[in-house]
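One chain, chain A, appears in both complexes that follow, with chain B as partner in the first and chain C in the second.
Coming up: the complex of A and B.
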């Protein structure tokens, strides 16, 4: 570990409390460290500061400097420097910590400012909270309650604006609710690098709009909905579907690429309603791609497998497992693992391979990296397979070695975890030559040709860990139960390991991790329960020579070696 | 013809018969002589002259010009820009337009001296969109000056070069705010920037150090270098030096523009002696002394001001000298020099409704208090003039205005709140609601 550079600390005073913060920290963040809330709308920690909402107005003072000694005047009574309070309030978001800065966040002037801004924001607001999706997670609603007057002095006609403007395929704008904070504009410009949003018209008639002929359709458009402090930008998918306070939040990991964006999965009674990003400053900040938000639809997909089968005939899970065990025990087995499996599943698969002396392979899944939060490696957990030793080298695009082995008769049984072998270079004729055991959540050509099919869970229905491109081990949790009759994946694999004479391994993650930590060197001394919610960064040096396909994304730079190999 | 009390520096040739805006005429009147002398001197000396002159900005805020220049970040290694603020849009103000229309070379000479003094290689004249004629005249004048080697590369054989470009605005009042102007010049919406950190002297146009000066201010620079800073400082009154142009409009017999030594004429002298007093049968009721953003003065009110020695003096509105400091001490400002006069025929609610409509229309909409407050005030006064006044409207108006002033990104907040605050405070009777509160003369209008 390299020690972080020591920040230049300065002591500032907020509401009478001293706090040392790095020089330049803005007052909002400094106050947050003290547990003091300074309400704000337009400020976002990951976007540029514009200071337009004026909700974070605070009183600011600096020590009065004696020009004679060039040092602050001391107050004789307290020994503390005499503070020169500015007559006008200042915005906290653009006020940075400097030596001796004094801030008042709860003076009569500050309270009056907040009351004023709240009143202004509400006079042309439709106040349609009862039908607004944002209700329950709306800053305007919260701050109006905390800082507003509680009654209106406005007797004029409110401005009327469009209520449902589609800005793109996934985002709908309710213009009347917009408080013109410009977070969405700044996000599109600064993070998504797709500068399509802007304001048109002036004053209170200002309106958010897309540039003529453009749409808000980039793969990050839904982040604008997340950061909208009010109910102006709504997700067309989630709009009017569910009250947010009914939803249970589960911490997840976006499985669509090796970035491993942290997510929150919002569900109720076993149904997922939406997926939003979870802040992780080392990985995805507060963002995620739109494509990762709809993945929950795979749970209810038409091709979802829910019942085990043998030779195409539905059967009981026990029968299918027994049958698979027999096939494996017969020997001449090849195992095709998955970069989409959790690290724990990969470990069990490795145990299975060891017990059978079977060959192992992983199928690569490479797409275009977008430089933001989608990497070129569309498998979320290739590094888990490397760490557990399931594979010694990077995944392959075509299973040519396996094809040769099948043709030569060396392999008689193939176990595949979710992968469609025909897509990975095997012909149906080759599949017909072997007994295929298919473990996967969805039907495909391989499952159709399989001798034994055992359905598995999607990432939303189980617990586990992925290791992302940074070699950061990240936990995901079960948000909803799997379909009736589908066994836990770790139990399924554990059964097969034991059936072929391997060790008995627990499907309880805490117990399993004791084995993992003991047996897998890179994971030594890690306990599952203590994995931080922001992940645990492992030492990547053992794999530094591998030519990983990832290019630069947010918070990730490929190592020089692999970068050169990619060039 | 200039009035006898006037002293014309900037407007010396405005409306002079036979004076034309072309270079030949300007040269005949000694034009570019000051520039020729200026480029023979050291730039720092010129900056020093301006500092000594005590010149204060004529755009509205009255910020000391020499001090503004001294704030420039000259060590950044970045180019320094000069922006000429020719976005004259303050209601009641019409001075810069005359300079540009009738004496454009005076401005260009001022620009070139300023650029030379501050090592500026590129100057922009940001001209109000509604001044197409002015833009045309300036374009022609710059071409002439360039052909005669007064601007462009290697001026007057000195090795120093500077280009001037004219950029037309698109018709928004907020573009007169210097950081809004910069945004507009960069091709963006003219949303004023937050200060800190975006002080133009450090992070201005294209994030480079930038001077933004008003047209009239830059013309004064020419005269300062001509006369010498110290000699110039003797014109006018201490801390309120030089001359300034006052644009008088409204209910006087002789409205128009006049140039006086700053502080050497009182409001009463201006309106009664120079402008011929009120219209027949009328009495002065109120006057806005520095453009519509300035707080209104009510005839009949008095101000007790402190003298330097600690004693006090009492001034009636007519006694107020038209300088920056006294007007500020009286709670208003010299602003842009637009003097708007109202006589007893004016219904103050209607007058305020007019001003409020302007500010609501011109609020850029960036920050909450001004965006929402200006329109709210417009709606209230609009309702009042259409017979819907309520007893508490005056209080409400004042409270709304108080919630805007001092809490916005730019000075537009004060500009739009000031009229309401002062109208309601001084003409409260008319804001009490109901027809009885309105002066009889205006009832016919309702």
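Coming up: the complex of A and C.
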């Protein structure tokens, strides 16, 4: 691997503090490094710079250069260069760091500029804060408090614009609140590659609109809602549901594909209200797909399993576990794991398989990758199963080996973790021949045919880790408690492992990870508590020869070998 | 250590007993003709001074529009967490559709309420007031939770000096848009 060239650092001075930054860094980011906030609306670190909100105006100066010696001259006593301050303010977002650049972010002129910009922005802005969903996370609200005048001098009538224009199936636009920062337009164009938004009309009548005959309906449309600095673009799903200051934020991982986009799960009193992206510059920047934001609905789904059952009759958890233990102890077991389980669950399943000397398999889910944040592999944690040794090769589409084993009578009991075996190629007749133990959160054909059903938690109700397509180990945390009567998945699997004579394993992740690190070679020396929030990249070379299905997505290029194998 | 109480011997007037009776009768007679300080509650009710913080209620504006827009600031500020709001959207065809938001449910648990008045202070729409109702009783816990209908029944209509949403509607009708 070729190391990236060292960026040449230049020292710039912001509010009297020197900082060395790579040449060309914009002043907003440099100030952020110093802990100085320069207010801005239109600038976004992951989008192009347009500089149309004018909120980030700063004073800028450069050292005076002596034409004679072609070098900055300054005060001989202090050795500091003499600075020529520009008479007019400059926008910070489009000012790049260059040698000797001096910036003032809090001078009287700058303060006056911000006050003026805020006043103009508020002229036609409605007094909607009590009914606006953005209240509490609104940049205009925050900056009006911090940098605004505090009272209005505007006596004329405000412009009236449409209040609820549906831009697409998931996004509703409140035109009055829009401050024309154009973040959404740039996002659609640059990241989602679906250039449907634009401004129409002029001056204070400017409005955001879709291109005639088109809709903002791509799978990334809700990111425009996230980056909207005001409450103009609102999520139709979350609109008027709950004020954001009540919501608890939990770090999660999007389980819809092997990209593993980082998310924030917003919940109140055990109810999830929305899911938004969490910034991770190595995985998903600040974006995520719309399809991953509605997955919380699976918690309250009508087909959710909440009570364990034996042969279709509801029973106590202990009875179901005991019955499953007896079935497993009888031997001739096949285990169908899941690429949707956390790495820790896969490790316990591996322990179970070892204790029973059972065969293991995973069912693959392959869809179309969109090249952005949804990969072709729709299982979030296939690599976890490889790392823990649950499976030696890639998951299969159809469980033909298992079907043959059932037909020949070699397998008497099948334990499946959330997978629908009929969808994976087993006939109902084959299912009827074996005793099925089903561990999963939702009902399906397999759970209906199962001898023992033990309900499990969804990804929002437990702690764990996923390993994404980059072999990046990422933690997700429990956002809401599971339904009453559903035991922790690790406790369930731990019980089964112990019941068949395996080792006693803790369901506490910190303790379990000590075992994991000791026994699983690729995960050696990792502790759960020390996993960084941006994930830990593991060495992918042991699996480099496997023909993974993923193609290029944001921040991911498939390894050359697998690319050739796929071609 | 024992504490010794010194008992003085009775004075002459005390020993005579009669002057003490007279002094007592003087107090009794004084109260016989003095005006009453108690009243026949609940038939008689005291006059409530302005600014009294009674039971929190929801009020309507003079046009009968419910003023609460379910911003949930009172729910947020309420120290004993007595307020519980379920926000909701006003249907597009309703006469107040331009307000967009109204509570679906609004419950104040009067067993929790401490009558502090912070909800009234924080309300940006002047929709919640602690008025002069001071007596809340009930036989069950459920009875002590005031729901939205009950809150409006208790609150009634109060005069409004802003007419914020009426102005908004007028601006819409005026058509400052082009």
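By our rule, the second predicted complex is superposed on the first by the 561 of 567 C-alpha atoms of A that agree within 3 Å, B and C clash if a C-alpha of one lies under 4 Å from a C-alpha of the other, contacts with A are read in each partner's own complex, and residues count from 1 in each chain.
Everything below uses one rule, namely that contacts are C-beta pairs under 8 Å (C-beta built on N, C-alpha and C of every residue); 3 or more make two chains touch, one makes a residue touch a chain.
These numbers were taken from a predicted model, which means no experiment stands behind them.
> Is A:54 touching the first partner chain B, the second partner chain C, both, or neither of them?
Only chain B; A:54 stays clear of chain C.
> Which holds for A:198: it touches chain B only (first), chain C only (second), both, or neither?
first
> Touch check for A:242: first (chain B), second (chain C), both, or neither?
second
> So, A:116: does it touch chain B (first), chain C (second), both, or neither?
The first partner, chain B, only.
> Tell me the contact category for A:154 with respect to chain B and chain C: first, second, both or neither.
first
> First (chain B), second (chain C), both or neither: which does A:537 touch?
A:537: touches no partner chain.
> Is A:163 in contact with chain B, with chain C, with both, or with neither (first, second, both, neither)?
Only chain C is touched by A:163; chain B is not.
> With the two structures laid over each other on chain A, which partner does A:396 touch: chain B (first), chain C (second), both, or neither?
Neither partner.
> Under the contact rule defined above, give the chain A residues that sit at the interface with chain B and also at the interface with chain C.
157, 159, 201, 205
> Applying the document's contact rule, which stretches of chain A touch chain B when the two form their complex?
49-55, 57, 87-89, 91, 94, 112-113, 116-117, 119-121, 123-124, 153-157, 159, 179-180, 198-199, 201-206
> In their complex, what parts of chain C are in touch with chain A?
69-73, 75-76, 87-89, 92, 98-101, 124-125, 164, 168, 171-172, 174-178
> Looking at the complex, which residues from chain B come into contact with chain A?
Of all residues in chain B, those touching chain A are 172, 189, 191, 194, 196-197, 360-369, 371-376, 379-380, 383, 390, 396, 399, 403-404, 406-409.
> Help me check something: in the complex, which residues belonging to chain A touch chain C?
126-127, 129-131, 135, 157-161, 163-164, 201, 205, 239-243, 245-246
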